[in-house]
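Per-chain numbering from 1; labels A, B, C, D and E assigned in written order.
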Amino acid sequence: MSPEILYTAEVILNGLMAGVMYALVALGFVLIFKASGIFNYAQGVMALFAAMTLVGIQNGQVPFSHLINAVFGTQLHHFGWHLPAIVAILLTVVVMIIFAILVERLVLKHLVNQEPIILFMATIGLAYFMEGFGDLMWGSEIKVLDVGLPKGASLALEEYTVGWATEGSQYYGMYVDKLDMVAALVAIALVITLSLFSQYTKTGRALRAVADDHQAALSVGISLRKIWVITWCIAGVVAMVAGVMWGSKSGVQFSLSLIALKALPVLILGGFTSIPGAIIGGLIIGVGEKLFEYSIGPMIGGATENWFAYVLALFFLVFRPQGLFGDKIIERV
Amino acid sequence: MNTAATTSEAAVPEQAEALLEVNNIEVIYNHVILVLKGVSLSVPMGGITAILGGNGAGKTTTLKAISNLLHSERGVVTKGSILYRGTPIDSLSPEALVKRGVIQVMEGRHCFEHLTIEDNLLTGAYTRRDGKAAVKRDLEMVYNYFPRLRDRRKSLAGYTSGGEQQMCAIGRALLANPETILLDEPSMGLAPQLVEEIFENVKRLNEQEGVSFLLAEQNTNIALRYAHYGYILESGRVVMDGAASELRDNADVKEFYLGVSEGAKRSFRNVKHYKRRKRWLS
Amino acid sequence: MFYRQAGDFKTTYRDDIQTFPLKQDRWGYYIVLAIAFLVVPFFINDYWTSAVMLPFLIYAIAALGLNILTGYCGQVSLGTGGFLAVGAYGCYKIMTSFPDLNIFVVVLLSGLITAAVGMLFGIPSLRIKGFYLAVATLAAQFFLVWLFNKVPWFYNNSASGQISSPERSMFGYAITGPNADAPVRYLFCLTLLVMLAWVARNLTRGRLGRSWMAIRDMDIAAEIIGVNPLRSKLSAFAVSSFFIGVAGALFFSVYLGAVEVGEAFGINQSFLVLFMIIIGGLGSIFGSFVGAAFLVLVPVLLKNIMVNWLGWPTDIAVHIEFMVIGGLIIVFLIAEPHGLAQLWRLAKDKFLLWPFPH
Amino acid sequence: VFPSLSYRTGAYGANGIPFADGYADYFTLVNERDGGIGGVAAKVIECETGYNTQKGVECYESTKGESPLIYQPLSTGITYQLIPKVTADGIPMHTMGYGRTSAKNGQVFSNVFNYPANYWDGASHAINHILGENGGDIKDKNVALVYHNSAYGKEPIRTLTELSAKHGFKLTEVPVDHPGQEQKSQWLQIRRTRPDYVLMWGWGVMNQVAIQEAVNIGYPMENFIGIWWSGSENDVIPAGPKANGYKALTFHAVGSDFPVFDDIKKHVVDAGKAAGAGDQVGTVLYNRGMYAAMLAVEAAKTAQEIHGTKDINAGQMRDGMEALVMDAAKMESLGMAGFGPEFTVDCKNHGGPGLGAMQQWDAGAGEWKLISDFEASDMDIIQPLIDEDSNAFAEESKIEVRECA
Amino acid sequence: MNIGSKMASNIQPGEELLRIENISLSFGGVKALTEVSFDIKRGEVRAIIGPNGAGKSSMLNVINGFYHPQVGEVWYCGQKRKGLKPFQIAHQGIARTFQNIALFKGMSTLDNIMTGRSTHMRANMLSQAIWRGAAEKEEIKNRRFVEEIIDFLEIQSIRKTPVGRLPYGLQKRVELGRALAAEPVLLLLDEPMAGMNVEEKEDMSRFILDVQSEFGTTIAIIEHDMGVVMDISDRLVVLDYGKKIGDGTPEEIRNNQAVIDAYLGVPHE
């Protein structure tokens, strides 16, 4: 095979992997939107917060140490333990559950039956709050996140494919990041479980009902509060997974909250309400933007990935305004 | 005005135990709009009670106050109390109320647009704990009441016709297997035949299963035909109440709610210009 | 009870459709205007101008623009940053290509250019709705920023990729450039703001405004009763972008003086302006002002309190500032989902009823 | 009064913290140990910009009234805004290793200083280093530039293009869009084309991801060179031990092996007066902040000498900066022998000679090591570019070119 | 004079205004309308009745161009309609109300009705922006007309109230006002009296008849209350499962066996 084809294949493969990483973030959005019609702006910050908490717990950081030190003149930093990854993850899950309960108690409960844009705004307030809160709690320096996930090129694949190229050409085998592969597996597992949950359980049906009409849901005895706590818990855990995956790559730092921007085009392409849509949208966006950058990018100066994803999604939307798998937008009079 | 208030208190039926009691409630929307100005009524166990009244009289508001849905419309009950089986329910959440067997069919349909008709119906069974088989049986029952729904079982509720949505909303409430149903304008937008059928079903449920009903209706004619007792609401106050048969014979009710004057039905073509109703209050 | 509606009857329709039907409101408005034009300029210094007044005035223009699109026409847009950039770069290109053109005209022209670009990006709104549209408008945001960064023509091939505004003056006073005096810059922006607010008010109370709101509230019904959706949406995009373009031009030329597109017109701006109108009140001109004031003033205020008065470390102060702003947003929304403007209206309603509670 | 426009929050907060700490700590040290600058206590007012231009302007305006001596805005964006303002207000500004490169031309930019080195010097240093490794011949070499797709990242392109024409190497540009969380395509491209060297102009999360990806594709780290803003501990640590060997440019020394640090420990940290958490001492960016503060203090001292007054104002400070001489003896006396290059500033040249060094990451020891001396850049290439750009600016904004004595 | 009245100007009362020819409409598997044909004469009150889900609302949607039938033609004012958008049809003088109230919730009663008037307004954007000249004059002129409608419908007191807060019945009345504001040639009413009590229905009937007689408006009405329908309509069409099963005067329909079986049940007195 000519190396050109192999390179293209490699780009596509890596695009798929990147797409999965985006999908992980998009999934959190979908869950909350599906279950309450809320476009949760805070999802990115939640991922950051979860990752920070995970690192903080794992390394035994003292929460709010900066604040405490500044106020009391103490020199607290660490408790001096280092927990195994799994324990830290479980504790983080607990924190995210507490977070979900608080969000429901303090915010959502008071905003039943409001228009989507108002709820959206509330999540913005939440994002602001958490951004400050997270930094205050754990500090804003870059933290290394290591829960033992493999990283780096998969040598097995490289060796396996190196012979595919035509003789004499300089080809080093196909490259895939092991971390991405793990992410792909995790994402697929998540998508399958969550789809089954929302499609086939009573709670799943209730989730969708709540998203359509808060009042009617109340009137048939669906507890909005319970549903909201459940979804925010799941979304919190999904955010943690996304935070771990992205954090392993770049360290845990403020910019982690910006990955939400990579998830948004995935979200509209796949459809706000579709769990499988998140992953398929992710794959399309991943491959699309990588291929575009690879083939057209060099001609127009590169760095096209930020906007290309959106333009691609826009293009799809013109034909399907509800995204590929989203619920139909019902237009009736 | 005072006479009206006193009659309403005196006329609470003594014979049956009161299942639901509303005592002199006041409701304010948005902190400023006073809508109910002291409404009292009582629904006896196993009875069908109707709330009648013109547009904006406060029927819907009363029902929502009972089922605790006002909160989500920025309305609050500022005075009075609501008792169900003798215990106050003002502070219960709507779902707790449904668990106790009180369910509301909301005015204006409120189906879950993106769910199929069948899924819509099944959400009604959300609080039930008596097993799939029972739910299935009741689903069949609803389909038998409304065959049209069976045909449209798999369509998204958002795409069904107005009447179909109305049936869906009623059917959904029935699936909760309730003890008391608050029905807000069940006849709205339904074909006359179907209206008759729905009221027949109401009667049947009431007689055979002992379900109590509180219904707000504009179609006074049919409501008074099926109800045992009625209240007439006007501008947020109860202005008249009594057994359905008494109300049917009341001259004012006849004139203004039944469209019968001097013993004969009027023609809509011949109503006079700008005939204005005599108000009990103003 | 000084504040009352009773007795203030209108005898003509012209009276009835004026902007401030209440006498008290009308006088209040005149007084505010008089203070803004005649008193403030004498007391304003560099700090107040650059840190508070200019951002407030300019963001108020942008918020008015976005409020027309989002609040009145119901099309949520996150492309504001991109459109601000169009205004800024348009302004720069015009300023440098036609050095003799009056700065006032330059700013309006930048607005027109932005209006054209905005219409272009508004076309998908015919198919795409709600949050889908909101996210899709980010395409404009990212694409435009990329474009201004990539094509050297836009920044006149300057080595740094930054654009800086040369000095331009009106009536002999420098408006842009380092030598522009604080009161002059302030008055320039204030004049534009007042003019545009008046235009916004006129547009929104007339046929066009009603057709926007109809599209917002129920687009299908609007179309069926005879509102042309294409024309309404595109005109909303055009007018809104015009305002935002003017804001962008002022932002660059009068306020900052030099910008780099990615930094000054990033996605944060898009969100910031959106926050302003939601906090202030969607579909309310007054709300645009309140929202802009809130999000410009509160951070400055908090910073001054925490850092200058209480002497807290700056980073902790910023974290707490974020928490406070986030918290305030939530508290306000819970108190009144329709924004500060509505809160104000309710307060007035209550006052009208005073001393009776209902 | 020395305003410190810092950024301890936001996307770049992690990098802003150590710099701000170093900046503040040095002034504290001077106050505590020497009783101030020539006896006058220095006061630092910190103002948080969050790396945001608008807040930068707010900070400038709010501190302007406190008779500040010097501004160090720490962001290219803010710098551009402030250039006309400081000039109009007569306050000097120092942009050390960032900002507008052509500000080196003191005849045009009277109030802006960017000693000891700028980005164009940096580009030249990197190429010089490569030249050195290859015995002066890099005709058939491929060099890739991975850069932050912004004004900052694009700075070196012009210089590198000229240099590639001169030395005959092939330059490939690889832009990365802000914020740079996802760089798969860029690094696949690098993996495919196998450039001999990769240069990087990155900032924030882009650095960490780039280094991680370079590790992932097994790129030889010795051939990967970052600008000084891509060479802090923050950037390499997340990538783990495999980042060993990564190189970065610098214009000051690394580590805490200088007498001055003993003083800082004694007078500042142990006395509980450290800015921030006090845990950043000796990191690259801390050192940079401290170095910046030291240069400001020395300039102030010079100004005091020139004008014979202890209470200098901004204009006098400017004169001090323009007459600044940093020689070995002076640094020795400060306990910072060899900490930075020797240089002098004059009216024409506000950028010094543009000396820079190379540092390399030792992952085993977890520290940066200086692997070269402070060396000169290729002024034959850079000077014409500076003249061209500064003259263009002078023309555009109608500035009269100063005559220098 | 707008396009609508111009188009209809040569149609005399009693002549055919609109003709539906062999219309079939389906959504996926659902057949909403099957081969339906009927006509509406100028100046009459034409009722469309039928059980729930029969396709009545869909019929109105076809008439005003919101649904596009797969088969069949719509003739209006003697012209065959092709490829028009709903708002263009509105400009031709067809206005309607909706079954599920479709008012503009965020706007006041007055603004809602003024919006209905927009087919009669054409001041350009610039003049609207400065609110001088054409725009202001036009605004005041049309306001006068709208005030007449408000008086006519007796909703003066809620002129400035946001319609979202009005009780159901008043909302229906406002909706009628909005449709009337367009001075339509043909007015389509979808269950205007649902959710009203007898007295309110009487009022509404009065309004409808007055509109017909005062403005000469042609009216097509869907209504389930047979009492009302039989009293006020001149001719009826009956649909069942998308098919037309009856067409004629109230008298004929009352005695039509197919209609009785499908819809009326017991013959109504």
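Everything that follows uses one rule, which is that a residue touches a chain if its C-beta (ideal position, glycine included) is under 8 Å from a C-beta of that chain, and two chains touch if they have at least 3 such contacts.
Note that the coordinates shown come from a computational prediction; the quantities given were computed from them, not determined experimentally.
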Third chains touching both chain E and chain C: A, B
Neighbouring chains common to chain A and chain C, by label: B, D, E
Higher-contact pair (C-beta pairs counted), A-E versus A-B: A-B
Whole-Å separation of chain centres (CA-atom averages), chain B against chain E: 30
Centre-of-Cα separation between chain D and chain C, whole angstrom: 37
Between chain D and chain E, centroid-to-centroid distance (C-alpha), Å: 74
Chain C, residues touching no fewer than two other chains: 146, 220-221, 224, 313, 315, 318-319
Residues of chain E touching at least two other chains: 57, 66, 98-100, 102
Contacts with two or more other chains, residues of chain D listed in rising order: 8-9, 13, 17, 149, 177-178
Touch relationships between chains, expressed as pairs: A-B, A-C, A-D, A-E, B-C, B-E, C-D, C-E
List of chain B residues in touch with chain E within their complex: 29, 33, 52-57, 60, 107-109, 148, 152, 155, 159-164, 166-167, 185, 188-196, 218-221, 256-259, 265-269, 271, 273-275, 277
Residues of chain B defined as touching chain C within the complex: 28, 30-34
Residue ranges of chain A touching chain B (in the complex, touch as defined): 112-113, 202, 205-206, 208-209, 211-223, 225, 273, 327-328, 330, 332
List of chain E residues in touch with chain C within their complex: 64, 66, 85-87, 90-91, 95-96, 98, 102-107, 111, 114-116, 118-119, 121, 123, 125, 128-131, 135-136, 138-140, 143-144, 147, 178-179, 182
Interface residues, chain C side, partner chain D - complex: 46-47, 49-51, 55, 96, 146, 149, 158-162, 164, 166-167, 177-179, 255-260, 262-264, 266, 268, 300, 303, 307, 313-315, 317-319
